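The two complexes that follow have chain A in common; it is paired with chain B in the first and with chain C in the second.
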Partner chain A sequence: MRFKASIQNISTFTKLTASLNSLGPLAWVKLSDDQVCFTIIPEQGTQVWAVLSIDTIFETYTVQSAANNVINLEVPLTSLNRALKSATNATSAQIRLTKKDNMPLLALTIVTASSSNSYSAFPTTSSGIDGGFGATPSEEFGANNRETIITQEIPVRVLAPDTVAGLHEPQCREPDVHIILPPLLQLKSVSDRFTKLALVGAKSGPGTVTSRTRLEMAANMHGCLKMAMKTDSMNISSVWTDLSNPELDPSQVAGGEIGISEHPSTRMKELGTADGRSEEGWATVRIDARDWGKVMSVGRLGGRVIACFCDEHALILYVYLPSDNGEDESVLTYYVSSYSA
Partner chain B sequence: MVVLNFSLTPETAARVHDVLVCLGKFSDTVAFEARKERLTLTALNSSKSAYASFTLDATRCFESYEFNTSQSGSDGRFTFRMYSKALLSVFKGRLYDPLGRDGAIDRCEVSIQDRPDETHCRFIVKMICNQGVVKTYKLTYESVEVMHALFDANAAKNRWRINSGVLREYIEYFGTKTEMLDIFAGEDGRAVFKSYTEKITNGKEILKHPLVTAVAVNTSDFAEFDVQPGLHIIISVKDFKAIVTHADTLKSDLRANYSVPTRPLKFWYGNEHGILGEFTLMTSGDYQGGATPTPIPQQMPSRAASRAHSASVDNRSFRSDRSEMPPPSEPASRLSARRRATAARRQASPKPVESNPDSLFVNDEEEDAQWEPVDYNEEEETLGWDASTENANTVFPTFRDSGTLSRTETEDENVEAVAPTQRVSQVQGLW
Partner chain C sequence: MDEEEERPVLTAVSSSARQLYLLLRCINFSDKVHVQITSSGLKFFVDEASVMEGSAFLDKSLFTTYTFHPPPLPVQEQNDSDSENELDPPDPNPVFQISLPSLLETLQILGLTDPNNNKPPWARDNPSSTAFSNNVLGMNNMCRISYTGFGAPLSIILTESTIRTTCDLTTYEPEFADEIPFDRQSLAFKTIMRGSWLSDAISELASTSPERLSLVAKMNKGKPFFALAASGDLGSASVAFNNNPTSSTRAPPPTHRGASPDADASTPANVLETFQLSDPDTPLRCTYKFALIQKAARAMSIATKVSVRTDIQGVLSLQFMIETEGAKVSFVDFRFVPLVEDDEGEGDTYLANDNEEDEDANGVDSATEDES
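Take a look at the complex of A and B:
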């Protein structure tokens, strides 16, 4: 079993681990010849299935194992994220799977050459009074190419193929509405504010905290997205209009052109209006606002996000990471399930 | 009767704040030892495995310094101790602010009230602020004998010196929950700082094991490096972080002197501003049984017999007749015996490295923070309005920028009120 790669895009990798870590502490990482998969299946809340092309984060990548060159690992994301953060200013970073005292670990080797030493730029000078204590003022420090090697060892667990065989990506019916989301930071700050309002005096009112922070998300096929929250004392909502509903690609839909004409979203196009005032044509899901806040953490990666609404059932987010060649796109899929009304 | 009066410039008062923060990481109490020519602040941790001391030079640190003692047998010293938290609430951060904003002072005057005709012993601090405001704090102190650690510099042949800013970079790579730091002098011209935890875990727990971080540095990056190759020496990473963080505030070189594992190690730095920081730490070195053997002859400390002693107040006549401030030390056997207990204690209180609150630069992580899920339980100061009807005094609706109002956000608050929707930090351009 061998895995070794140099990290080409430290910043993306760091942001990815930070986003995933907000949903769960452990990730199932599947390394294979052509892609890297990160999967978070928390006990409660949103699942993430991320499929990344190798060159999104790695280069000079080798993976070998007896099981078709696939390696499955369980990785603590907090440690991985912390380790990657120390590579922020690295000139190079390598990651490999190794063993120490019979314990498997991911070893991250980071080379930094920090020549930007602010203290050497302004050498401390003596205050003009000598003697007494014996220490001399710090000398001008050799600022040229100080090379430091940092090794971070992240404990991991190697998962047998049988262990992961039972893990499957959730299946979902064809969505009623698909829409490109507005900037996530906007969505996040609005939903965070709603949640804060809903939590006011949470104990004095009836119902549990979770029922109070239920966020209602809805979208139609005319570019509208609605976010609402209702409690006993308030009813608050925001509507976005002029968003875009991407066209379906016949080659990607079962049944081709016929499939599209029978697709739920085609029927939804008949209903509703572009100003978002109509009562019709909305596909609605009810989700936990706190969980939504964790999902929004993915915004830091800056990808394009398409939300697929299955009315009263589930919300699926596809986060497409920007890639250089435009071919092997990397996608993070978030499965957010809907509460019943 | 004791006379101790001194006054500090705002810069020095701010440095005293930094010193107190550093000492607070070792112990709850700070011990003072006043002498004619210097004032020493020390802290010894509860397991007596780490000793920190800061010496403030009487002529260089203070605007004025006056010390007199008439007590017999006190050999010209006056010692007492105080809670570091109490002192920190007086010596707050931002005492020194060239723009003279909130919290800035013009001068700080300290005196000791220790007279037979007064009932209480008091440590009196006067903060002279702008516009002639004077804040006076009277703190209680406990008059006790101070314990110092001895260190035998002659036996400590291994030494290095490095810019503290460089070390400061290194400690930021360390994992948050690690306990130990192994300082290793390699034979290939590199020194390795390795932070790790000695805990053995199994099964699922393995994944909770903290990061092991090794930082390999060219010895040429040190201003001075003279250590026996192959020597491992292990100290507490928490102590190291506290020391480096403070040394960096003085922007001075950190120096280390040590002999062999299980013998004390000494860090020291400073003196550019009349403040000398000295730390004596217990060490161990049996980690992984590596290249720990020790050809250095185990010289008995020249003052092996002279254990620094502690005497209670009632026992003043028993005060030491040392004329010099003693070099610190603890018998090594005792130190190693306490290792376990220390390790356990340290585990309980990992302290994250604080970033400089005065920094003008936006923290790298700050930008990232907006993506973090909101913790709705946190109580941040928020802009709100008073919506309570009970308050008869409020005839007119008023806006209040109130920290107390944010209490309504907590779940156990019974008063029904509309929570503010915006944080003060987000408001721009109104004032």
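Take a look at the complex of A and C:
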């Protein structure tokens, strides 16, 4: 069982682990020949199934195992994220699976150019304070090119193929509405304000403090997204208009053209209006506001997000990470389930 | 009954939710705020245990559109209830309560969503900005307040580019608390000063977390003398405001409007713009709860001027003049019920001591004494 790769996109990897970590402490990482999968299945809340193409984060990638060159690991995300943070200014970083005292671990080797080493605090010319030493260190060793090597070790658990065989992506019926979300950071700032309002409402209300705030998210097939919340003292809703509802690709829908004409979203197109004032045509889900805030943290990766609304059932977010070559995009799938009330 | 009258009672549009927010934040010390809609503007008032009240008036000039249709008198409703006689001349101006923190949070939603706000103008990337985009046309950040009638929520609609936020604030029955009576006809004392000076004085005094704040006003050798004295468990402190004596040796307070230090007492360099004592021979002393006065701190810090008045019963009125965008002037008022003085002796010593100390002091002077 061998895994070795150099990390080509440290900042993306760091942001990815940070936003996954907000949803759960442990990730199931599946390494295979052509893709890397990160899966978070918390006890409660949103599941993430991320499928990344190799070159989204890695290059010179090798994986070998007895089980079809697939390696399944359980990785503590906090440690991985912390290790990656120390690689922020690295010139290169490598990650490999190794063993120490029979404990499997991921070793992250970080190489940093030490232009910021202690010598550069002094003038590099031979005048001034270090003139007395004859040749300056930079002349002797080429100090500007000195390298520092840091190795971070992250203990992991190797999962047997049987262990993960029973894990499947949640099944969901065809969505009623699919829509491209506005920038997640914008969405997050509004939902954070809503959460704050709920706290204000709870404080002024008599006694009963609702620890769980429900956000009502809804969208229609005319480019509108609605976020709403009710408290004793107020009802508040924000409506985004002029968003776009991507067209379905007949080759991707079961039944092709006929499948599309029978697709729930085709029916939803006939209802509702583009100004978001109509009561009809909305697919609605009720979600936990705190959980939603965590999901929104993926906004830092800056991808395009398509939300699929299954009315009263679930909200699925597809977060497409920007890639250089435009092909085989990496996608993070978030399954947010709807509460009944 | 709402169907009879199609016109909403109030429709007001403001291009600056921030302006409204800044004014209403001054009275943010209660969960609920009373709102009264009148033809000249919106009056917001809050009340704390009937010993303090604060009110902010949003004049209709703060809005670009302000339409008020007095609601039809709810004849039907009132005849059924037994309160018919009490409300004989019914007030045509609707009054109700709403949640103040919710209102303030809502007004802040605007601008939050624009990620460009934190950047300087040249660094903003706004590909959608054309000659017709909302922010160029000044259509951005519109705030519309409407109220359709009794029992309906107060709706606030905020529009920002393609996002429209609607907030329906539940309206509650007013509590009909009586206003704190303040007799403008029989003032015991009145002075006008800059808001920031009062703000500085209060925040200075707050450092000893005092319980009581006394207001002392008298004529000191023909010169006006006004002091704020705070006392509590940790000690006492006072800040005195004196108008420039002619024999000035020390520079007057640092923040006045560019007047030279030796300007004579009649110039605006005076700390106290107006000083009126109904009885110049007797020093005036009124005591209030410090924590209550402190609730007006936000208003003090942004006010241009403050008028400090007490009536003969000792009720304190602080009226703040606040300049908002476009040099419009708004007023925020506070009233405080005085504490009953039970420690006359202590007060007298304070006055006696100060008479000596403040002989040659001018401007803002603060003295701290320990109560050991």
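Here, the second predicted complex is superposed on the first by the 301 of 341 C-alpha atoms of A that agree within 3 Å, B and C clash if a C-alpha of one lies under 4 Å from a C-alpha of the other, contacts with A are read in each partner's own complex, and residues count from 1 in each chain.
What we mean here is this: a contact is a pair of C-beta atoms (placed from the backbone, for glycine too) under 8 Å apart; a residue touches a chain by one contact, two chains touch by 3 or more.
This structure is a prediction, so every number in the text was calculated from the model and none was measured.
Contacts of A:Gly276 after superposition on the shared chain: chain C is touched, whereas chain B is not.
More residues of chain A are touched by B (comparison of chain B with chain C). By the touch criterion defined above, A:Lys196 reaches both chain B and chain C.
In the superposition on chain A, contact is made by A:Met296 with chain B only, not with chain C.
When the two complexes are overlaid on their common chain A, residue A:Ser79 makes contact with chain B while staying clear of chain C. In the superposition on chain A, A:Pro183 contacts chain C only, with no contact to chain B. When the two complexes are overlaid on their common chain A, residue A:Thr148 makes contact with chain B while staying clear of chain C. Looking at the shared chain after the overlay, A:Ser237 reaches chain C, while chain B stays out of its contact range.
Comparing the two interfaces of chain A, the one with chain B and the one with chain C have residues 185, 193, 196-197, 200-201, 203-204, 233 in common. Those residues of chain C that touch chain A in the shared complex are 31-32, 98-99, 101-102, 105-106, 108-109, 112-115, 153, 162-170. Partner chain B is touched in their complex by these residues of chain A: 15, 18-19, 22, 26, 74-76, 79, 82-83, 86, 88, 103, 114, 117-120, 124, 126-127, 129, 132-135, 137-139, 141-142, 146-157, 185, 188, 192-193, 195-197, 199-204, 209, 233, 290, 293-294, 296-297, 299-300. Here chain B touches chain A in the complex through residues 55, 57, 60, 163, 165-166, 169-170, 172-173, 175-176, 190, 204, 206-218, 220-221, 223, 251-253, 255, 268-274, 276, 364, 368, 370-374, 376, 408-409, 411-419, 421, going by the rule given at the top.
If you check the complex, the residues on chain A that touch chain C are 182-183, 185-186, 189-190, 193, 196-197, 200-201, 203-204, 231-243, 276.
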